[in-house]
Structure formats: structure tokens, C-alpha cells
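Shared between the two complexes below is subunit A, which pairs with subunit B and subunit C, respectively.
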Partner chain A sequence: MSKARASFGRTAGVHVALIAYTLIALFPVFLTIANSFKSRNAIFREPLALPTPETFSLIGYQTVLKQGDFLGYFQNSTIVTVVSIALVLLFGAMAAFALSEYRFRGNALMGLYLALGIMIPIRLGTVAILQGMVATGLVNTLTALILVYTAQGLPLAVFILSEFMRTVSDDLKNAGRIDGLSEYAIFFRLVLPLVRPAMATVAVFTMIPIWKDLWFPLILAPAETTKTVTLGSQIFIGQFVTNWNAVLSALSLAIFPVLILYVIFSRQLIRGITAGAVK
Partner chain B sequence: MNASNTKMTDISEIKRPRRWHILVFLLPALIVYTAVMILPLIETLRQSFFNTVEGQYTFVGLSNFKVLFGDPRWAADFWNALKNNFIFFLIHMAVQNPIGIALAAMLSIPKLRFSAFYRTAIFLPTLLSFVIVGFIWKLILSPIWGVAPFLLDTVGLKWLFAPWLGKPDTALIAVSLISVWQYIGIPMMLIYAALLNIPDEVIEAAELDGVTGWSQFWKIKLPLILPAIGIVSILTFVGNFNAFDLIYTVQGALAGPDGSTDILGTLLYRTFFGFQLQLGDRSMGATIAAIMFLIILAGVSLYLFVIQRRMRRYQF
Partner chain C sequence: MGSLQLKSIRKAFGGHEVLKGIDLEVKDGEFVIFVGPSGCGKSTLLRTIAGLEDATSGSVQIDGAEVGHVAPAKRGIAMVFQSYALYPHLTVKDNMGLGLKQAGAPKKEIDEKVAKAAGMLSLEPYLARRPAELSGGQRQRVAIGRAIVREPKLFLFDEPLSNLDAALRVNTRLEIARLHRSLKATMIYVTHDQVEAMTLADKIVVLNAGRVEQVGSPMELYNRPANVFVAGFIGSPQMNFIEGGRLGDAQAKTIGIRPEHIGLSRESGQWKGKVIHVEHLGADTIVYLDTEEVGTITVRLFGEHRYAEDDIVYATPVIGGMHRFDSDDRVINSGQ
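After this line comes the complex of A and B, so read on.
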């Protein structure tokens, strides 16, 4: 009896601690979104209150939509992210298949070479990357960003996908070979569909740093037509720093897509981290 | 698997067909990775040995490094950034890991209700971009808006409030804590996964021996999750010595006030691109990038060759 009560007390304590930290994690996001729907006076008078019919206002969003080309920024971010993920998945899966399926001279060395990039950040090569992009005329194009992000995402993708591809049954592939399938057909028609869950994990892991990145858009593609959401909101906020309605609305607009994607993919993401990352 | 592979190589040794498909599979990844990542990295390292002397771009040996370490125009900024970067890292290790472990330990309690909700909510900040995180916290900590003083007031701690981000002696700590707030989800998740991987038999055996609660955590679980803590530490190290975005959004490229939040990433940005009156300097930028590369390489090697080898791994 007393043991049960003690454990009840412990569970309650755990819940209190977790709720407290959850509040710390969510409070800033809540504060931003709630205040973005309020009039300027209400933002300052009662920052913690929810918008009421009297204080409700969309003036911030109107300013953002009128002044900044957020639709364009979203489009740029989406193009860069989607194309980069597609290339990382395709090239990464192909390389992972070669490394895990075939024995050839230099296989282990190749794996090590491709794994270097997991630990060494691509940013350290920025000086020469910018020179290369200037030389090839790719500065201020989305192609420059896509190339950089593809290179950045490949090492981890190859690493995770080759681990998964080792688990695909050899009998299946050999059956395919006996049936006369080419190696390409075995890869595209047998192996790829089987590693789809791993591909989803890789896609989510690749997406987050690309969508969030500020460094490369700032350096490689700062032009108005190629700004990503991250860079666009950074510059917009810098210009409108005293217009709190606009700043909070711009922040909220940048949060929404992340929130929506997270709600959709959170299970995939968390399963990916808790299953594959620590072995 | 082995058997079938040897069979394949046997066949190929007899017929010796060129297995072009291996090359086709490898080539796209290899080209992009090499051209956009490895070659620029090598080229950047190479440029740290070159500089413009009397209008001529020439090999100068280690003199860029000498300038960075000893020249009065550069050395103060560099050592300041390096020192701040270590403090930035130490604050992460001291705050992020204990809280991450505590959260993971609580979440891994069997049959805890709402644990999926807590997990999802606490991980959310990790996904937000630095721009969002930086500005939200700038607003919250701003004395103009008064959210932070108000919240402190409700718990009777209003005297504690100061414009932390604006004072040289607290700005670095404040920025580091914002970064911890953002990244806490990663150690939490990795350690949570490690805790889930501990087999039930080990825990049951401990309970039979009367080891429960706190002492069970310290004596049984903590030693078993040390490899995960090692991974978290090296990820934090690499991330911190490569950090830039958060400081840039909160404090600007000058990493104020008075350079008190300047770290190697912001120093690299200002040096390479120039800022306000300072002109961009490619060679010195490459030199700073080379230093960052060496620091990260040293940290990763230390982890791979010393720490990870000494760590006992338990196979279940």
C-alpha cells in the first residue's frame, strides 16, 4: 500500500517536471503566434493574453504580405528543399547500394571517404565554394543551394541507407538475377521499394538542416529572387524591427509550415532517431 | 550473404566482365560530394597558406597563422572568439546534457502517460530555424516588451532581471542558453533511445538485488548509456565550433555587445565577407576556416580514437 502511494507520488513528480519543461519548450512559440493576431496596443499591454474580439487584428499579416515577397520565399525554399532531398535520396541510395551489394577493390575506403562528411561540416569550405560558384556563374541561383545541400546531405544518407540495404534478403536479389533482371532493375524495382521506411527517415533528417539554413542563402544566393524563407524573414525582420505586429506575423508565418510538417512527420522522425541513431 | 558474394566474385574472375554498373551507381554521389564538398574544403585549406604580398598572390607558408595568432590587429579578436567558443561549448555540455538525460530518464519510465506528447513538444524547438528562435528570445528578453520581467515577477524573482543580451558579461551565457533551449531535443532523443535499448532482464536482475530508483539509475543505467552520451558530446562539439546562425540573428554579425558573443563562425563571416568598415579578406578567412577544421578534426579524432575505444560497450 505504502509502496503504491510512493510510486504514485513519484509519477506525479515526474509529470510536474515534464509539464514544466514542456511549457518552457512551447511557451515562446505560443507567445509569438498568439501575439501575431493582436493589435499593437494589446501586444504591449497584455503580452500573455490570448487575442480577444476587441484586440484581434491582422494588421501584421497585411504588412508582411504587402511588403515582403513571402510567397516567393516559400516557393524558393520549397524548390531548394524538395529538389535537394530528391537528389540526396536518389544518389545516396545508388551509392549505398553499390557499397552494400558489391565487393570491389576500395569498397571500404570509398565508404570511409563518403562518411567523412558526416563529421566535417561543409561550411568550412565556404571560401572555395563561393569562388567555385562565382567561376561557374551560379551565384544567386537556386542551383547553387541545391548543389551544396545535396553534397551536405549525401554522407549521412549513404551511411544510413547502406546499413538498411544490408538487411535486404540476398535470395530475393538472386532470384531477380536468375529471372534475368539487370542490376539496375534489381536496384530500382526490388531494393528501393523495400527500403522506403529508411528513405523517409533520411528525407526528414535531410530536410531539417536545409530548411533552417541561413549561412548558404546569405552567402550564395542573397538576391531578392532567390531568397529562402529563413533569409527572407531574417532581412524582413531586420527592416521592420520596430513594427512588432509585422515581426511577430513574419515569425508566425515562418513557424507554420514547420509545425504542419512536424505534425505530419513527427512519428517518422522520432522513430528514425530512436531506432537508427544509437546502436 | 558472404557465400553468395564469393560465388559472384568467382564467376567474375573467370569471365572478367567490367562491372560498369558499380561505377554508374557510385558516380553521381561521388561527383557531387567531391566537387562541392571535398575539393572546396581542400582548396580552402590550401588558400590558408597563400596571401597577397605587394599585389602578388603568393605562397606565404604559415605567416597567415602567425598573423592570426600574434598580430595586434587580428590576435585579440581571434583569441576572444576562440575563448568564447569554448565557453559556448562548456555551457552546452554543463546544461544541455544533464537536462537531456533527466528528461530522457523521465520519459523512459514504463507506462508513463502522455509521454509521446511530452516527447513531441520538447523536440519542437529543434526544428525551428535560428531566425525564429533568435528573434523570439530577443523579444522575450527585451526590457521593452517586459515578458521576462513579468514572468520573473510572478515567481518573486523580478530583481534577477537584467537586459542579459545587452550586457557584455551575461550576453554569451544568455545566447548559449537560448541555443541549449533549441537543441535539448537531440540529447533527449538519443539518450532516450539508449535507455529503451537496455534489456528488461538487466533491470529485473537489478531489482532482484534490491537496486532500485536513484541507485539503479546511477549504477546500472548511466554506465549503459555512456556511449550515447559520448555521441551527444561529439555532436555538440562539432555543432558548437561550427555555429554561426543563432549569434548572427540575435546579436548581428558584430556579435556584440563589444564582441562578447563573438565565436569562430561569426569571426569567419566578418573576416571573409567584411562588415561595415572592415574589408573582406579571403586569405585570412581561409585561415580561420582552417583553424576551425583543425579544432573539429582534433575533437572528432579524440572521440573516435581515445574516448570511444576506452568506453566499454555491452552487448546484449
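After this line comes the complex of A and C, so read on.
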């Protein structure tokens, strides 16, 4: 207690730094949301001002909802993100379990191979991916995006999860074997619940790049029916004229689904990040 | 209902051989303890019996049936682990019943067996709790209960008391001894603690570097160690080893005398020496002596004695307390 009081200055300093960082990080978000409720003139005259009764306008949201099928875009983004996360977690955890649990020739090499994707950006393979998708007739389908994002998310998932799975007690798995659990039951019923914090970490790290990606939707699925939110908002950004009301409104709307997913995972995530530090 | 036969079991990890040909026979109802320093292969041997590791060569037979390729769950064994290894998301009752449930036993039978095992271990008040809500001793009792419920041919214990504090260790040790008497089951127990080994075992198997050094009852190992390793490993404080030449014994390379087989006197005796350190334990007094004839030796006296550092004393070995070992460290004629 006395120690905590003695370091009051230090605590205050830490808080000031963290609050400053929070303000800097939240400022663009605040600006986006505030300006999305303003008229076009007000955005340019006073970009930093809050909407007042005179400048308040929903024109951006009206444009967004009128032009194009935004609800459809949201649906596409959500489907792609959720299915990709599910596949990344399932396959990533299975690969991680095999790497951490079984002794086989080339185990370390296989682990390195699976983690290689962390270091090599998947976009380098865009042309080949596009050719592959054209050949298999998957262009302009959500499946194409899901496949690419699953591949993109797996390396990090395997890397993080296999480290975590090594910490699960061998005795526990062996007890399960003696009690007659199959390897699948050991994986799903004993190991997965214990690495849940790590799964949440992986889910968040996987989710954000997928949600905000513009590259692959633009190349692999630009059709109206398969557009994602990020791609859909691009129609308001022109070479000469940009409809800022609409762009800001679209971006404001796009924040919310990912925010909800984040809140779902965050409780687990914080445990996942601190687990290593506390032990 | 549970005998075990091991025939030239070998186990290698990569190029490193951990078990170098183990032969062993365990009779029905015996309490056998594997003891040895860390890294001697005792846990690996237990895991091989359980089927958690496959032997590189050799055969494991339980009740006369070869089980080399039988899954752990089908071998009729139950195992208690050092880290308890309870399922964290299941209640005590479900933890204990899971093995039977997996084997497809009817619910009524599981309930009966769990209740019976819980009664034996006084675990009834805790059946609805989860492992996280139990103390270390309670968790280990649940782990033992989980083994009992399965009614195995063989109980396997992998250092079950190592994670418990000293007082609990003694209690749980008594509990295991009582359990062995009432169940009359065959038990195989791994430990590095020689007190556990001496107090619990019908038969001790001393392992060192992947080989069996000696098999025998606790008193056989204490009174007639087959070699220098066993002589040094069993007994605390450790046996004194003296070069044979110093005592004028041309045949024996090493002569061993247990600290409790040496008498001390202030007036006269065989070896004159100076006290370098004394440990007063109440029931025992341990005296470390620096002698001219035999170097530094340890003497264990029963009761309290008022020796102090730098006292000059005379040590005399008890007749029949000498163990003579040849140049291969094997016993020549133990106990003379």
C-alpha cells in the first residue's frame, strides 16, 4: 500500500501517457463519426467541429443507403470474415496440435514451413491466385475470398497456437488417453478449452486485416453481389470528386460489426496476452 | 487379477537409449516401486507399461497377455500423475466417472462405483466441485479415486506425492498404503524419494541409467545391497565409502559402512578423528568426522549427543556392518 502511494507520480505519468495514446488513436475515429453527421459545406469549413443543429445532416447516410446495396455489402463482409476466422481457428488449431503433440520426422521443419507465411506477404502471389481462381471458376464468389483469407490467417494461427499448446500438460492428455478418449476428443474436449484465450487472440489478429482488406475483394470478387464494405465504399471516392459525406458515413457504419466481434473476443484476448506475462 | 511381465524392454528416443533391456516380473497384488535418480528411465518405463510410450523392442505382458499394441484404455490399467491431471472443466464426480463413461458403462453402475471410491477417500462433500476449487491434497485424492473407479488390473503411480507438502505427503502415503491393503490390487509406483520406496513397497526396483541395478524387498536392499550404486542410493545419510586399501583389504576396492553402523567414543576406538560438523535432529545426531585412517566419514547416532566441532573422538565400526565391493563395484560378501 505504502509502495503504491510512493509511486503515485509514476502511476500518474503512466496514465497520462496512456490517455494521450488513447486520444491519438481515437481521434481519427472520432473525426470520421463526427463529420459523417455534418453537411458537405460544414465538413470543409470546420472539419474539427462537432455537428451543430445548423450543420447536422444525414445526407451521407441517405446516400450510402440509397446507392448500391450496402446491406448486402455488410452481409458479404460478415460472411467472409466469420467463415474465414472459423476455418483459420479450426485448421490452425489442428495443425498446431499435431506439431506440438506428436513426434514425427521433420516436425520442426514442418512447423517452420507452416509459419513461413508470416514472413512472406500473400499478395506476392496475387497473379497466381487470380489465375487459379479463374481456372476453378471461383472469381466473383465469396468462396474465393474465404479461401484466400484462410490461407492468409493460418501461418500466424499455427505459430501462436502451437506455442500455447505446448504449455498444456502432457499428463492431462495422457490421463485422457488412459480414460479412453480418442485423439479427437482430447483435442476438442481437453486441449481447445484450455487454449481458448490464445484462440481469441488469433481470432482478433485474423479478423481485422480481413475486414479492412481492399486488395483481394477488388481483384477476386468485384461483382456487385460479392462486394465487401471496404470495396463498396470506394464508389464514393472518385478521381476528381469525392463524396465525403458518403465515404465517412460508410466508414462509420463499417466500424460497428468489427467492434461487436472485438468485444466478443476481447475478454478472452486480454487473458491471452497477459497469460504469458503473469506466469 | 493383475500380474505384469516385462521382457528385455528397450526404449530409445532418436539415438539416445533410455531403457537398456529391462526384465521384470510383478506378481498379483504386489506393491512394486521403481526408484532411482532423475533421468534413470523410471517414468519412461512406467509410461511404456501404460502404453503411453511404445517400447522400441521387448514385450509387455499384463496377466499373461501381450499388450504391446493395445491402446492404453484397453490395457486394464489406471494411472495417477504427479500433476494430478484432472479435467479442469469437469466436476469431481465426472472426473472420476469419465473412464467408465467412455467404456460405455450404464449410468447407475458408474454412480455406484464413484460413490464407493469417494467413500473410501472421504471425497463425498466435494463431488459437485471442480478441480480448481480443491486443495492439492484433495486433488490428488480425486486422481486416486479416478484410478480406483476403473477397477484396473494394475495401478500405476507416477510420483504422486511430489507436488504435496511434507505433512500431506505423509498422510497421502498412509492412505495409499491402506488402499493397497484393502484393494489387494497390484500397484506400480515411481518415485525418487527413498523414504516412500522403503515405507510402501513389497518390492523395490532400483534403476540407474536405464538398467535394473537390484530388485528386492526394502530390507534386502538395505542389508544386502548388490552393488555400490544401490548401497549409496538406499539409506540416509548416505553410506560411507572407504577405499579397501586404507583398511588393509586387498580384495575389496571399496568398503561401505552405513553411518548408523559406526559407534563413537571420546576415550578409545579404531579410528581417531576430529569432528568437523554436527547436525542435531532430536531423534538423531549426525556427526561428520575427519579421520586419519579413512578420510571424512559420517556417523549417525541415535538420540542426543553433546559432540561439538573440533572435538577429538574415536569411531568404531559395528561388527558385521561392513559391505565389501570389488573393482566392478559389485558386492563380494555383504555383511561379512
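Assorted remarks:
The definition used in the following text is that the second predicted complex is superposed on the first by the 216 of 279 C-alpha atoms of A that agree within 3 Å, B and C clash if a C-alpha of one lies under 4 Å from a C-alpha of the other, contacts with A are read in each partner's own complex, and residues count from 1 in each chain.
Here is the rule we use: a residue touches a chain if its C-beta (ideal position, glycine included) is under 8 Å from a C-beta of that chain, and two chains touch if they have at least 3 such contacts.
Small disclaimer: the values here were computed from a predicted structure and weren't measured.
Among subunit B and subunit C, the chain that touches a larger number of residues in subunit A is B. Of the two partner chains placed by superposition, A:80 touches none, neither subunit B nor subunit C.
Legend: residue contacts after superposition of the two complexes on their common chain; A:17 is shown touching subunit B, with no touch to subunit C.
In the superposed model, A:174 lies in contact with both subunit B and subunit C. Of the two partner chains, subunit C is the only one that A:193 touches; subunit B does not reach it. Of the two partner chains placed by the overlay, neither subunit B nor subunit C lies in contact with A:203. Residue contacts after overlaying the shared chain place A:165 against neither subunit B nor subunit C.
The contact surfaces that subunit B and subunit C form on subunit A in the two complexes overlap at residues 174. By the touch criterion stated above, subunit A contacts subunit B in their complex at residues 11, 14-15, 17-19, 21-22, 24-26, 28-29, 31-32, 43-44, 47-48, 87, 90-92, 94-95, 97-99, 102-104, 110, 114, 116-117, 119-129, 131-132, 147-148, 150-152, 154-155, 158, 166, 170, 174, 182-184, 187, 208, 211-215, 219, 229-230, 233-234, 237, 244, 247-248, 251, 254-255, 258-259, 262, 266, 269-270, 273-275, 277-278. For subunit A in complex with subunit C, the residues that touch the partner chain are 169, 171-172, 174-181, 189-190, 193-194. For subunit C in complex with subunit A, the touching residues are 47, 50-52, 71-74, 77-79, 81-89, 98-99, 102-103, 146, 150, 158.
Of all residues in subunit B, those touching subunit A in their complex are 1, 4-5, 8-9, 19, 21-22, 24-26, 28-30, 32-33, 35-41, 43-44, 47, 99, 102-103, 106-107, 109, 112-114, 117-133, 135-137, 139-140, 145-147, 150, 181, 184, 189-190, 192-194, 196-197, 227-228, 231, 234, 238, 242, 244-245, 248-249, 265, 268, 272-273, 282, 285-286, 289, 292-293, 296-297, 300.
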